[in-house]
Structures are given as structure tokens and as C-alpha cells.
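Structures given as C-alpha cells follow.
Two complexes are shown next, each including subunit A; its partner changes from subunit B in the first to subunit C in the second.
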Partner chain A sequence: MTTDAAFGNGPLRILIAEDNHSDRMILHAILTRQGHEVVMATDGMEAVEAFHREAPQMVLLDAMMPRMDGLEAAREIKAAAGEQLVPIIFLTSLSDPESLASCLEVGGDDFLSKPYNRVILRAKINAFRRMRELHQSLQNERDRTHQRNEQMLHEQEMARRVFDNIAHRGCLGAENIRYEASPMSIFNGDVLFASPKPSGGVHLFVGDFTGHGLPAAIGAVPLAEIFYGMTAKGFAISDILREMNRKMQAILPTGVFCCAAMVDLNLKSGHAEVWNGGLPSGYLLRHDGSRDELRSRHLPLGILPADRFSAACERHAMEVGEHLLLCSDGVMESVNREGEMFGEDRILEVLAGGGTPSDVFERLRGAVRSFAEGVGSEDDITILDVAMAEESLLEAVEPEVLPDTGAGPLDWEMTYELRNETLARFNPVPLLLHICMDVPGLRLFSGELYTIITELFNNALEHGVLRLPSSLKDSPAGFSRYYSERERLLGEIRHGAVSIRLEHRPDPQRRGGRLLIRVEDSGDGFSGEALSQSLAHNGLSGRGLALVRQLCNNVRLCGKGNCIEAEFVWHAGRGESRSGVSEEGNSHE
Partner chain B sequence: MSITTEQSDDGSTLTIHIQGRFDFSSHQAFRHSYEGADSSITRYVIDMSETTYLDSSALGMLLLLRDYAGGEKSDVRIVNCNGDVRRILTISNFEQLFQIDD
Partner chain C sequence: MSDQQHLDHEALTELRDVMEDEFNILINTFLQDADERLRQLSEAARAEDADSFRKVAHSFKGSCINIGAPILAECCFAAEQAGREDNLSQSGQQVAAIEEELATVSEQLRRYVRE
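Now for the complex of A and B:
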């Protein structure tokens, strides 16, 4: 910014256009004495030429001149000046309002009446000089803003590409998934992920960060890393949610969080596990036209500390062809020209509009688009639609398995023992699973292995070390007492150990292998009878070992009953790994 | 949007009234409303009777107040919510963090 002094006193180049010689000389004398540089013209034509040639900063123009009069000259000068503010002061002896008005209409800025008064002339020149300066700084500001905006858009475009590389590598393109999300939606804080699970099925995630722009976008990168990384490693939905929450809580400032919903779509069993924290209700669209509401039951990600966070999901059975619909609050909040919001009622109207479950996505998208037409809020809208499909559908989609170089360990064993207080504080399962995943090809079975190791470890911890009787779980009240007891005992744990031994042997043709999982605890052991009893059990307990028994080829009790050994035989190319399982743990249900 | 405050006679409760839309534009005013208040205050009441709309950045601001008021030990009540405001608080499950009276 130029200071007022420099600005007020510096010389200007001023064009004088005046056909009267003596007037011209008087003006010349006054302006020169005031320190300005003067350019002279004797008629309108000369004035326009001089303007082009000398680029004066201000013009004093006689209204009536030969060849081209002042009015016409003013018009041409203003046109030539373009965005520059070149003040034109008419020199006139006219006094009728209409003539004066026409001077202003053609672009004049002021008048100076003859005879000229030097004091007034100086004041006017100074006033217009200030106006020019103001105009100039506004324009500079505008240009700078424009330039910054360009730069920001460019940076956003770059950032978006980086983000796309991280976030859109999943299976959003799968046949049973449809979505609506603007390319720049990341800067509205909306994220959308989908990834096939190594064990079959899909994980899906819709998130909506508080706020807009960079602060909203920045949390999305670690979120995507966790989602894709942990899904590929075979972690369960609840582990992924817990990790996301932990990370978001650690890195985001208070007040910034992520409303989200996550779905684990199990194509094999025809179930969807749904967790909703802060997103508007999603819907399960049934064949018979009914729908289940998937309500938000949790706080958004990034608010609660890990010990208070709940990753509990709702489980819904879904038939092939039934759909699950999720959207960010941009849908409800999109406004029309009248400023009305789309609102929950309009969503329900679309849902109730008949048609098959697969029509709803297009109808909802269409309804929101036409509602918000011309308002330009469609950038804020994220809708995800996924259909329950045959398991074979996802075979076309490659699960994101890190390339198998075949160089991983095939023939190995390890023992990992957790002792004393560590038992209460550390869950060894992801670490052990991670080790198993290094076996080339075994990654496809991460879901099964996760279940097996988790169940065996929990069994050893709860029944062996903590000595919780599983009969406690036989009534619903006992069930919750069981878990509060578990918490209490874990808190008091001082002595005890659980040892996990993993042993992998490749099969001779190298087309699979055999993983032996042996979990031993420091408890007193329980009888073989107890094992078989719990497997045939019809109550709330005993599910864990029954499950292990289903997934494994061989499960046996050893030692003094404080050790269980499970054998998992697998073949490259899924599907045939578990032949010959005879006990059907839930055949009694 | 305007935010006004009022302190109880015994000086322990600060009531914050939020008129109109409660969104990011209220950020400064909302913070000033409690940061500038007496240190004797132990209890906060957010009166939403005249709040027409609440967005997610407002939820963030409520969390900031909660932190300021002592986090887990804070005593922050949200009162007189209209339907739309209540809906957003419910979707976000904020009743787990705040006492919400309709």
C-alpha cells in the first residue's frame, strides 16, 4: 500500500484538451506549478491520440471542441482505459443541468467551471488521485485473490489425485456397488471406500468429516490407509473401526471428527454387519418393499477415547438382490432455490415410491439432483448403494492382496507367550495373524485364521487363566454378568500365561499347507468331556470352540486339558480347504 | 445468528442462548461466550429454543465447550431443542456426551 503522503504529493501525468489557447496556457501553468507533468491537446481527436500515446493518469477535457467534441473523446478515452480508472474532469462554462448530466453519462467524473480556481483544481486532482489509488489497490487485491484461487484449485486438484490413489484403489467399481460422489467431494469432507476382504465379502465405508476444505480432507488419508490396509490383512470390521477411532482421536483436534458408517457384507452367509456413528439412517431395502432402518447408534469416529469406544455392529440377514443404501447428510441438507432442505421426509417418500430395491438408488439420486437443480449444492452429496450378491460375483474383483512373490516363509514354527498383566492389556491376535499372512497364498484365509486364533486365545484366557465357568453364559443375565466378571478379573490379573504355538508346513506339491495352532494356558485344564459337551451345547455358551471345530480339520484337547491344538489345512485357490468336517456345531439350533 | 449469555444469580451456571443458525460462522462468538465468562462457572446450559439449524461444525463446537468445561467431568446440558436440531444431535449420539433435555 502506498502511503498517503507519497500518494498525495507525487506528480501525475495529466492530459489537458482545450481548444482555447489562453485557457490551455492557464491550466498548464497551474498544473506545472503544482508539480504535474502536462500533455496538451487542442481538440477531441488530438486528445484521444495523446491518450493512447502518453497514457496520462487523469484528463481535463473541454466539453466543446472542434473536430471531436469532449463528449465523444470522453467515450473513447474511457473505452481505451478499460479497467484502469482514468478520471475525466470536464472543463465547462455550461451550467444547464442537461448538458452537465450528459457529460457524466458518457463517462465523465466531475466538472470544473470556468474561470479556473487553482485551489479547487488542486483539491479535485487530489480527490481523484485518492480514488485512483483506491481503485488500483482494489484491482490488485482482486487479481491476487483470483491468482490465489487459481493456485488453490490447482493444489486441490493435485491433492485429490494423491487422495484418489490412496482411496479409490478398492472395489467401488464392483458390479453390485453404485455410488454418487462428486470428484471434489473430498474437500467437502466426504469419503467413500470399498474393499474386498481376503476371506470373501466386502468392506464398505462412508464418512463425512466436520467442516470443509483442507482440514476436512486431511484426516481422510490415514482413514483410507487404515481401511484398505487392515481389510487386506484380514482384520474384522470392529478392529478396523477401533483403529480408525483411535487414530482419528489422536490426530484430529477436538471439534473435528468423522461421522461414518461401515458395512461388512458377507456374501457367503448372506449377512451385513453395520456400524453407524453419526451418519443419517441408512436403509436395507427388502424384496417385499419393506425396509430396515440402519440407525446411527454410536458417536462419530474421533471423539471417544479407545476405552469408551464401541465397535458393536448390528447384524442383518440379506437375500441376494436386496440392497443397502447409505448417504451423507449432504443429501438431507441439499437445498432448492427456495432455500428448503431436501429433508428426511423426501428421502422416505422416495423409498416408499415402489419399484424394486435396485431402482431406489437411481430414483434417490434423480430426486436430489432435480430438487437442488441450479443451486449447485450437488457437490456435497454422497450416496452408496450395495446389493447382496452371489459369492461368485466378487471373483471378478481381485482382492487387494499384496503381490505374492512366493518368497515368504513356508516351513516354520514359533511360540509366543503372554504372561501376567500383559494378558489384560494386549491382544496378540493381529500380530500373530500378520505373521501367518506372510505365508504366500495363506492371506486368502485370513478371515478363518482370525476367527480360529481369536477363539482359541479367548478360550484359554477366559476359562484357563481367569477360570470363568462358561455355564455362567447360559442365561441372558448371566451372559452380561460373564462379561463384567471378565472385565473385573482381567483388571486383577497378576499371574498366568497363555502360550500360542504356530507351525506351518507346506504340502509336498507346494499348493497349500498345514497350519498347526496350539494354545496352552496356565490353568488347571478341563476334561475332554467338557470339550465335547460344549461343542454339542445348545445354550449361549460354547460357540467359540464349536466354531473352531467347523473351520479346522482337526481339533483336539491335549496336556492335562489346558491345551488345545487345531489343524488348518489349506489349498491354494479357495473353497476346498475344509472337507471332512463332520461335527456340525449348530445343528441343534 | 446471535449468541447471548446469562449467568445465574449464584454465579455457578452459564446459560448460552443461540438464536438462528448454529454453524461455523458462530465459531468465534460461541467460544467468546464461555471463554470470557467468570471462573466461578461450573455448569453450562445451551439453550437451543431459538436455534433453527445445527450443522456438524456446531457439533464440533459443542465438543470444544465440553473439553473446556472439564471433559468427562463437565456439566453441560443442552435444552429446548426443536425437531431438526434434536434429530442431528440424535444421529450423532450426542446424548452419550451431553445431557439433552427437550
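Now for the complex of A and C:
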């Protein structure tokens, strides 16, 4: 008989509730000899008490008992057992179907009829033991799943905070930008970045990684670093896109990529450069109610190797108050209760719905929300809306300042020379700016330095090496001819050089310093009068060098006129900066 | 011959096997309980309490089936049915029949235990 205990998973604790003394004795004998532990009760009330006290794993219950009958006791025991499966076997000599049915209705699991038979009883107990084990393992599995889910949400929360630390900076809070994005959108694979450029204007980025969850989120971190890091260093939109594509191609597994659109919004000149690779069409919303479609012209980021990737952007003029709208495919793929998708047609309906360009964002957001109401797909929606604005708007946006390590170089000089075809292919400004940014405290002046180095380099390249006459730029038509001529000459360049010398000296109190920027080209140079003319020129052409003169303490021509030296004196802490870098210095137009 | 009808010997053999050295205690317990049931039945019949009559008869029937007394179980079942139908007109005869059969079963069980 002891083998019974070994069979299955050891003995069970079984409650017997039976008012007949002799019947109770028989059951007790059968069960104890099969190795089980037996708890006895003589009526329903005792049975419920014993259940609470002894927590038996199985209950044998007489249907008809004094005080509380078996049906009521079964109901209470099942309620007390809760999620635990405690099988109840009714002991019965009842025979009418209705009585038997009512036993099952109150939660009974089976019957055992009199006379008690030990073989049948053993088989039933073993069957219920297996059921209990199955139930238990299902519950454990469910609890583990629940636990894992909790843990995953917790980890996502942590991951999101790490991501926010990388991507929170930037200017999504700027007055001309509105957006819709779920706080956990990164785990839908959606990313949204905006950052002011050191040269003025804004870079914007909407991305949508394939897939969901962690695999979709993991690529967002390097993407954010590239976007914010390169934008702050003054890289152009095409450089940033190329680097993003290279990085995504290197790190993402096959089949994972990032549909994306990037915008370079130039507030100064009033135009937007747009690149769209795989995102749904964006729209430029005009004052007159018309719209330009910003169609995807490229493959998503992370697919093409660097030599086949194109960062070519479309250039669109925008007037102040005109809007640019981008969204991830979550908008089109939003599903309503009937399982229909929102679709492109509904987007176009919203766009055609009249109103001003600035109304469209709210109307689109409202339309998608009410469409998908109660379905729970709103979390996947990412919409970005940006308005062309006056340049002064961005002054309210604090530039992102990376903390100085304080350990950078203070006293140094370097010379960097670009030669021949490299002049046409490589923009040295971000690299040089990056070097300057290593000087502790100088980071606050990245915008000014970007402008100074860019203008001096372009001056040397365009007038010195390419010999373009600046007078061409006097009219708008000449302006565009100037640039097409510039492109042509750059393509043909075989010989020439531009040398940039940077020299930094700290001031004696270490409260700032002096940066000397000397740019020399291989050209013929030009006379002092031409320079002073150029510096005095108020037209379009002279703008660049005049700006340099405003930003620097001292600008002078040297050599045979093929060399300009500019001196930038700075003081630690922006509030105490030179009066030369004043309001009128920046708003020269 | 009549022994076979009053007691189910196969069932008793099985019970002896299950109960081992507690078999005698079981039989004595049954007989004591049976006397008590009989007293309760007479009481319910006298008080014309059909529900109580039914319940006692049902419970008594159960222990008779388990102990292996089929005719006594039949008598109890008849009483249970009468109680359920709320008809105690025959209750006197029914109690008498149970009493008579119990005397036989009791006598035979005692003999069985002694064997």
C-alpha cells in the first residue's frame, strides 16, 4: 500500500466530510492505507472550518449533511480556495439527475457512489492529482509570464530614461515645433529629434525602425548620438545622413532598417532641405492652401552601402508661417474598431479640409485619435509639425552645451592644409570646430566660431582658389549663377590649396583666451583696397567677411592678399562675453 | 440461503481487507449508529416530520450500502422516497420493516464477526 505514496508526487492531505460514522471510518481506512493524510469533519460547517485550518489539497464531501449541507460547504470551499484548484468529490448515494447536477453547479468536480470502492477512489484521486499538477504548472507559468512582463516594462522604463538622457536635448520644445509621440514610442521603433544648428536654423529628424520592442529601440541610441553630436559640430545634413546610414548599415542585422526623413530648416534664407527615405510622404503646407508633397526618394537608412547611398536633398523655399508636416506610418496604419486603416486618403482629406497651415497638425492629430479610439493603436503615432519662423525665434532656445571635462588643451597651435581634389570633396569646418570645442569653455562660442571658420574658408576657396568674382552675387539671379559656377569649378579643380592655422592662447587668469585663425590660399591674392571694400560692402556679396569682422576683435589681410588673419578673444561665461558679440553683430541683415 | 440476501458477503470480504484489524470496530460502530438511526426514524414518524424522515433514511441507506446490507438499504430507500413525497401514511410499517430487517442483519453480522 505504501507504493501509492510514491506513485505521483507523494501523499495528499485530503478532507473527508461525512456525517455517517461508519462511512467515515471506511473512507479513512482506504485513504490512509493509500498513504494519504486524512482530515475529518462530520458536517458542512466543520468541513469549511477544517478547510481553512488544514488547507487540504482535495475534499471528499457528502452532499447531505446536518448543519450545513455539502452543497453550501462546496460553495464556500471553492470561494476560499480562490485560484488554487482544490478538487471536490461528492460522496453520494443520490441518484436523481437534478441532485447530481446541482452538485456540479456549486463547483463539485466528480462523484463517488456508495459502496466505496478503493480501486475507483485511487484512480479518481490520481486523476485529480494530475489535474492539480497541470493547473499548478499553468499558474506558475502564468505568474512567471506576468513577472517577466513586469520586469520587461521596468527594463523598458530604464532604457527609455537612458535614451532620454541622450535625446532629450535639442529643441523639440521650440515655439515653431509641435509633435505627437507616445512616451514609449521608442519601443515602437519611432524616434523624433530636433536640434539647433550652430550656424542658426534647425535640424529635424523623424525615424521609424522596422519591428517593435528592444530590437527596434536599440538602433535609436547611436542614431541620436550621431544626430545631436554632428549637428552641434556644424556638420551638414548630407554628412549626417551619410554617417547615420553607415552606422545603421554596420550595426543593424539584415532586415532591420530605419525609415526616416530629415529636414534642414534654414530660417535665415527661408528654405528647407528635405531628405525622405522610406517614410510616408510629408507635406509642405502653403499660405494659399496648396501643398507640396515631400515624397520618399531614397531607401531607408541602413540598407545601402556607403558608395551607393545618396544624401541628395530637395530644396523648398518656405515663407514664415508655412508649415512642414511629417509622420511615421503609424498614422496611416492606425486601425479603427472595424479593422479599417486610417490610410493616405484620410490624411489627404484632413489636408484638404481648409483652414490655415497651422491648424493642420491639430486637425490631423484629432482625426487619427478619434478614428482609432478604443482600439489602443494611438501609441504608434508619431507626427512632427514645424513652421518656418523668424530667425529670432530660435534665440529663445538654449543651445545645448555639452559639459566640459575641463581637461582640454589651452595652449596650442596647428596647421591644416587641404590640397587639390580634396578641396572639392571635403568640408574641414566640422573637424576644425571639433578641435576648438575641446578648449574648456570655448564650447559656448561654437556658433560664432562656426561662422568665422566657414566664412574664411569659403572666401579662400571661392575667391582665392576658384577665382570667382564676388560681384556676381550682387543680384538674386547672379547669386544662383555664382553657385552653379562654383559647383562647376569645384568639379574641375586639379590644383590649389587652402591652409588653415589655428592658434589658441589662454589669458593669464585662465578666464578665457585668444584664438587666432589664419586662412591662406594658393591664389593670387587681392589688394588692401579690395578687402576694405569688401568689408565695407553692405550688399549680399560682402556679407561673409563683414560678419567675420563683427565677430572678431581684429581682422587683417596679410601676405600678398591671399591670407586673412582673424583674432577671436573670448571670456569664460557667456554673460560676460565681449560687447563685440552683441545683438547687432548677429542680426546683421 | 437467506444469509446471502441479508448480507453481501463479497462486500464484507472487501471491507475486512480494507479495514484490517479495525473491521470489528467498524461493524460495532455501524450497529450502534443503526440503532440510533432507527430511533430517529421512529421519532420523525411520530412527529410527522417528512423532511427529517427522508434525511435520516437517506443517510442510513448510505451506510447500509457501504456495509453490505442490501435489503436493509432497500427498506431505507422506501422510507426515503415516502419522506420525499411527503407521504408518511405508511411510516409505521416502514419503520417496523427496517427494525425487523436490522434485527436480522445485526444478528448475522455479529455471527460474521465472530467467525
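Some observations on this one:
The rule is simple: the second predicted complex is superposed on the first by the 394 of 589 C-alpha atoms of A that agree within 3 Å, B and C clash if a C-alpha of one lies under 4 Å from a C-alpha of the other, contacts with A are read in each partner's own complex, and residues count from 1 in each chain.
Going forward, a residue touches a chain if its C-beta (ideal position, glycine included) is under 8 Å from a C-beta of that chain, and two chains touch if they have at least 3 such contacts.
This one's a predicted model, so the numbers in the text were calculated from it and none came from an experiment.
Model built by superposing both complexes on subunit A: subunit B and subunit C fit together without a clash.
By the touch criterion defined above, A:I303 reaches subunit B but does not reach subunit C.
Once the two complexes are overlaid on the shared chain, A:Y116 sits against subunit C while remaining clear of subunit B. Legend: residue contacts after superposition of the two complexes on their common chain; A:S22 is shown touching subunit C, with no touch to subunit B.
When the shared chain is aligned, subunit C comes close enough to touch A:M64, but subunit B does not. Of the two partner chains placed by the overlay, only subunit C lies in contact with A:S93; subunit B stays clear of it.
Contacts of A:V256 after superposition on the shared chain: subunit B is touched, whereas subunit C is not.
Shared-chain residue A:T210: touches subunit B; no touch with subunit C. Put simply, the nearest alpha carbons of subunit B and subunit C end up 59 Å apart when the two models share chain A.
Residue overlap on subunit A between its contacts with subunit B in one complex and with subunit C in the other: absent. Across the complex, subunit C meets subunit A through its residues 11, 15, 18-20, 22, 25-26, 29-30, 33, 55, 58-59, 61-63, 65-68. Residues 24, 55-57, 59-61, 63-64, 67, 87-88, 90-94, 96-97 of subunit B are the ones touching subunit A in the complex.
By the touch criterion given at the top, residues 208, 210-211, 254-257, 259, 277-281, 296-300, 303, 329, 333, 344 of subunit A touch subunit B in their complex.
Against subunit C, the residues of subunit A that register as touching in their complex are 19-23, 25-26, 29-30, 33, 62, 64, 66, 93, 114-116, 118.
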